[in-house]
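Below you'll find the structure, written out as structure tokens, and then a few comments.
Chain naming follows the written order as A, B, C, D and E, and within any one chain the residues start at number 1.
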Amino acid sequence: MTARDLDWKPLALVPLLALLVLPFVGSASTWLTLTVAGLAMGMIIFIIASGLTLVFGLMDVLNFGHGVFIALGAFVATSVLGAMGDWTASAELWRNLVAVLPAMVVAMLVAGAVGLAFERFIVRPVYGQHLKQILITMGGMIIGEELIKVIWGPQQIPLPLPAGMRGSLLVGDAAIEKYRLIAVVVGLAVFALLAWTLARTKVGLLIRAGVQDREMVESLGYRIRRLFVGVFVVGSALAGLGGVMWGLYQQSVVPQMGAQVNILIFIVIIIGGLGSTSGALIGALLVGLMANYTGFLLPKVALFSNIALMVAILLWRPQGLFPVTNR
Amino acid sequence: MLVTENLTIRFGGHVAVDGVSCSFEPGTLTAIVGPNGAGKTTYFNLISGQLKASSGRVLLGGRELTGLPASARTRAGLGRAFQLTNLFPSLSVLENVRLAVQATQRGAHQRGLNLWSVWSDHRQLADRAAAILESVALLGRADSPVASLPHGDQRKLEVALLMALEPQVYMFDEPTAGMSHDEAPVILDLIRRLKQDRSKTILLVEHKMDVVRELADRIVVLTNGQLVADGEPAEVMASSVVQEAYLGRRAQEAA
Amino acid sequence: MSSSNDDLLTLNGVHTHIGAYHILHGVDLAVPRGELTMLLGRNGAGKTTLLRTIMGLWRASQGSVRFAGQDITPLATPQIARLNIAYVPENMGIFADLTVQENLLLAARSARHAAQMDEARLQWIFQLFPAVEKFWRHPAGKLSGGQKQMLAVARAIVEPRDLLIVDEPSKGLAPAIIDNMIDAFAQLKRGGATLLLVEQNLDFARRLGDGVAVMDNGRVVHAGRMAALAQDAALQQSLLGLSL
Amino acid sequence: QSEIRIAHVYSKTGPLEAYGKQTQAGLMMGLNYATGGTMAVAGKKLVVIERDDQGKPDLGKSLLAAAYSDDKADIAVGPTSSGVALAMLPVAEEYKKILLVEPAVADAITGDKWNKYIFRTGRNSSQDAISNAVATDKEGVTVATLAQDYAFGRDGVKAFKDALKHAKIVHEEYLPQTTTDFTAGIQRVVDALKDKPGRKAIEVIWAGGTPPFNALAAQDLKKRYGIEVFTGGNILPAMASYKNFPGMEGATYYYFGIPKNPVNDALVAMHYKQFKTPPDFFTAGGFSAAMALVTALKATNGETGTHKLIKAMEGMSFETPKGKMTFRREDHQALQSMYHFRIKDDPAFAWGVPELVREIKPDEMQVPIRNKR
Amino acid sequence: MLNRLLSGDYPRSRVLAAILVAIFVGLLLAPFLFPGIKALNVAAKVLVFVVLVASFDLLLGYTGIVSFAHTMFFGIGAYGIAIATTRMGATWGALATGTGGALLLSLLLSLAVGLFSLRVRAIFFAMITLAVAAAFQTLASQLSGLTGGEDGLTFRVPEVLLPSFEPFEEPFLGVSIDGRLISYYLLFVLAVTLVLALLRIVNSPFGRVLQAIRENEFRAEAIGYRVVVYRTLSSVLSALFATLAGCMLAIWLRYNGPDTSLSFEVMMDVLLIVVIGGMGTLYGAAIGAVLFLVAQSYLQDLLRLGSEAAAGLPWLAALLSPDRWLLWLGLLFVLSVYYFPTGVVGRLRSR
């Protein structure tokens, strides 16, 4: 991505939306609660969608199995955190973090490793063939979900939030959940890392080029296969991280959780413009805000708010907010 | 008669075709030449409807075509072969041509909107398609999928599709690029035969000067989207614009 | 055909199948170091297939390809390219979504970002192919046919390579640009590079070629010096069906 | 015929797999217990045929038909989901065989979709809602409800509302079943309640999915506005989030530590022995269904003629882990006790422990009769 | 005669022809060859899915449009019958009204969706239809007054089609003739007619233009075909056929609910059947539907045998447990994409 003329219009959407609803919400504290919660929710959504910006957005792999890595990360976290009861039960935040960090790392490692196998056996034969990708990754998703049931059982497993991360901070009359603030920090870190890698190195370019003409990239001397494996693994690991964050947010995990978020994250990636990290971030923030605003103002419409948002954005920019590729 | 009036298109700030007014008579072959990126293909795109003009008009036999989609212009008599090969890759060579033949049939019954007859019953279409393949020396590969043809043969098929449309106006965009010297004559013969049928208007974009010199009745020169020269071949080729901008050093040395 | 140590690239009895089709039937070819070899032949003779086989994009089912003394037949395409070979495919292989600059950046293997590309060499390219400079920040897919061809060749020469393999470099180019390209190839050759070009433009071939090989039906049916062929009208007629 | 064939059609797989498995375990334990370990009644062996409806109504329907006809089942038990149950009801009528519904809860099963071949040991939504109303209903309490936006949630709120005598409802909030961010919904509820005088309560009626308890807990409503949260019971993993609400009240269908009777003692003991865990919600239900079956079969002396069975079962009382239940003659719904509880956060348990406040006896709940005979 | 019926589109492989004949005869005689309710249910479902999948193939295989909203039209058909019979009673008039109303709604919706498909690129379109289908399903469960919500609708159909209708005392060839049988043959006749009609459409000049559009939309427009018209027409036709398949389903099940006809799961099944059978050939729909539905229906029984056999190895038994049948179905997804890249039909034809 070159930093040529900055496209500010999509950036302005977020504050614009927030200001637009202010008069309708009425109370400032309610507005603040909704806005902060929505933005933070957007960050969580961004984290779970971030892996997909790479895999679907950049590599053009329609991975319907992406959700299974999210579920996997969450389930690994139940095991890791379950083994560290003392640390999570403590009310001191640093002890909680000491418990959650390894859970994240292990979840990312496991998800990444499984991603490696997934790429090798499921995705590799179908690069460039969307329809087959859908089916084969769907198959992978089902297999993964069933294996989770074999390992952890079919039932819901509680994933209690460490004691120090519970509760809210009060700003005047507005309550802001502590955990959401943590999510903002993690989300920003993921965003910065992704944006930096893609902008500062040739990786992003190579992936996009590889999607268009694999043979040519190889003829230029790049081992595109290895690169794709690497990117897929990173995407899966990010999904694992997203799973930990999402599981902790819901405080319980079920094997179907991956499938449940699938459509949501697809919407975010599409709004963002397939492969744009900033686009995905803005898309996620908009989705988070929109859910809260419509939930408060027009609860009946809330169910369809994501879809309405996506259609509206696509009518404005048929390629998404920040189109990266010409797909 | 094909007429363009003040035809213009902008891409962002860049004007790719800049106010080109020109008319093309039946029975003449007009060569359009100019440096790479001069706007020749874009000019074709504007005429045949692949691109929408920013301003200006396209008229064929007095009929306004400007707002129409490409398919309607084709049906109105504009035929086009593309510079970069553009075919139906997994259909067979014969089916490619047959689809083009079918598109020219009059009435929905014969054309594509017939849902209830069996395609293979329309024998006359297949026969016509075979005859056209014969004329470009491709009949031998009638049943191969297009994707497996060598590049040169794909170029020939590109021309065959245009022939199948039997339009009033033929637009060739570098028809012989990538064709070997013993194959190109087949195509050039075809064009020559078209010329003999005095009722057709032929537009040819070509970089090979020997071909232009041999076939053209008239040469139009585009540079930077603008029409800079128009006239008899010998006269245009000799003009300084063409010498400098287009033919380059070698032509000047030769001169 | 005997191969001497002076040959940078040699092919021995190469057979290639594409799916069920047997395309190359035992190709022998030697490309001498520091020379420009022209590969001629009618449509469907197998020229493109041969180049793709050298690059490892098709696998030879029999025979061997040697480059600088090393057997590269079993290597994967990226490994072959990294032996310092540049390849311009028949369809140009432009990355339509990427800008012209990004297309070149990818071809410049040693540069990690745009600022690290060799400025002097870029200037040289700009001068040969002005369109490359003019559309530097534009998506390459928007270029005209000839401009794409220029970009494809520019990509191959953005860094010095030992061997340059180009499938129909002059296709779709205006005469003035063809002149530039002839100059460029001559300069590269002077700089020590070896070139293997497929051409249909016989004038181009005659002016530039040192050696020549003519293919027909998946075999090399003639190999020799360009100058000799240029003088022998009968040979031209029998091989190419016309005279230069 | 020396066998009695019982078809158990339930969600062996699908979204309710975990629930279905509890029912099956309970059913088998119950049959075992009720037959004194012989698995036979009047010399006839009890054979249980398991069928997996995967939570799909159409599949449940055809499986039940196949069970009655291809597998020659004399009687059927199940299913897990209400949707499947509703699709199955006409099949029982078509084949003129009994379907003992457990644990699907929709009121309509013993309401307007009922036919005379349908019995239900499980509680219905009304029983749930009414018992919860009993737990919440005090003079001067202002209540807002928070429920899922579909038939179950809306029926639940309606039954709850009808049963309230003293407390006042000021707001009904319905959220999509798939809600993940509760901020907006809770904000609306809080806005409706916060300025009201006296005790303020949010009644949560939520089944499956992600319930709003964590979100409610994070908002600290008790401290900020004096708003309390009430809700019904749930399966043990779901009650983990109750730990955040020590003192929360409500009414539950079953919790293994609450009923004191020999049947429950036996169930708990058997369950610990077999699975090393306490029995849960649906285990108790399966066990009750088994008790009902065996009681009925004993009454007919092992005869499986449908009319005989119906006659025996109408008005029949039987022992269950929840004490005595009775099939009401009118609509075949088993009337049963519910338990008013208060949550205690006991570190020894992974879930919030409901402690018994009071057993709500069947005759305290006016469960409406909604079917037409 | 046969040539007319098959629209000149022969199987072009002896094995394929044999399989197709076997499927036809098997379905024709299913009630007599495979006794039992379960088998008949599977056969009826095959009939419904052959039509549904074939209609989807018109869109996907022939026109190259990837849409996830196909089950929406299937659902509309099923709901049409369900709602009409619930409201108007179990009459033939209700069936006709339901079918007609559903067709009309599908026509309008598919027109809208079809026109939208031209505005955005293929992949965006696919994702949008995914979201639209999800929204439609939500809507169906929200409108519980009309649709019965999550619980769906159970309804009756005209007497003649009910199992309780038994015109003859005596069984015929060991099978008693009842309303269920009559309704099976109604489905059979409908399925055969609809598939032959589709076969005609794809082999018409229109069908060829669709294929051209699939291959190269740009060029199809350039040689004179108005792509918008063709694509829209194809969307509409495929939606209408899917609607009819939905009506067939509802008549057979006498039940409909959001999960039964609208769920993403059904969509995935349809996709898989298209791919297993072979895209762009309607015969594939028949073969794929039989393979998949039989596998799906009997997988659990098969696994039960397997896990009993593997009782000695606990982990293997856990994997082979009938409860994990989806695991094996997933594997089927993966393997069928691996081993039948061109589908069964493609495989057989290339031999």
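The rule we apply is simple: a residue touches a chain if its C-beta (ideal position, glycine included) is under 8 Å from a C-beta of that chain, and two chains touch if they have at least 3 such contacts.
Here the structure is a predicted model, which means the values were calculated and not measured.
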For subunit C and subunit D, chains touching each: A
Length of the shortest touching-chain route, subunit B through to subunit D: 2
Chains in simultaneous contact with subunit A and subunit B: C, E
Reference subunit A; chain at largest CA-centroid distance: B
Rounded Å distance, subunit D centre to subunit E centre (Cα mean): 36
Centroid spacing, where centroids are CA-atom means, of subunit A and subunit C in whole angstrom: 45
Chain centre separation in whole Å, for subunit E relative to subunit C (CA means): 52
Residue numbers of subunit D (touch at least two other chains): 13, 17, 149, 176
Residues of subunit C whose C-beta touches two or more other chains: none
Overlap residues in subunit E, where contacts from two or more other chains coincide: 138, 142, 323-324, 326
Interchain contacts (touch definition) - all pairs: A-C, A-D, A-E, B-C, B-E, D-E
Touch list for subunit E against partner subunit B, complex: 4, 7-8, 200-201, 203-209, 211-212, 215-216, 218-227, 229-230, 233, 237
Subunit B-touching residues of subunit C, taken from the complex the two chains share: 18, 21, 41-45, 48, 90, 131, 134, 142-147, 149-150, 168, 171-180, 200, 202, 240-242
Touch list for subunit E against partner subunit D, complex: 36-38, 41, 138, 141-142, 144, 149-152, 154, 163-164, 253-255, 257, 259-260, 300, 322-326
In the complex with subunit E, residue positions of subunit D that touch it: 12-13, 17, 52, 55-58, 61-63, 65-66, 69-70, 82-83, 86-87, 89-90, 94, 106, 108, 113, 149-152, 176
Sites on subunit C touched by subunit A in the complex: 55, 57, 76-78, 81-82, 87, 89, 93-99, 101-102, 105-107, 109, 112-114, 137, 139, 141, 155
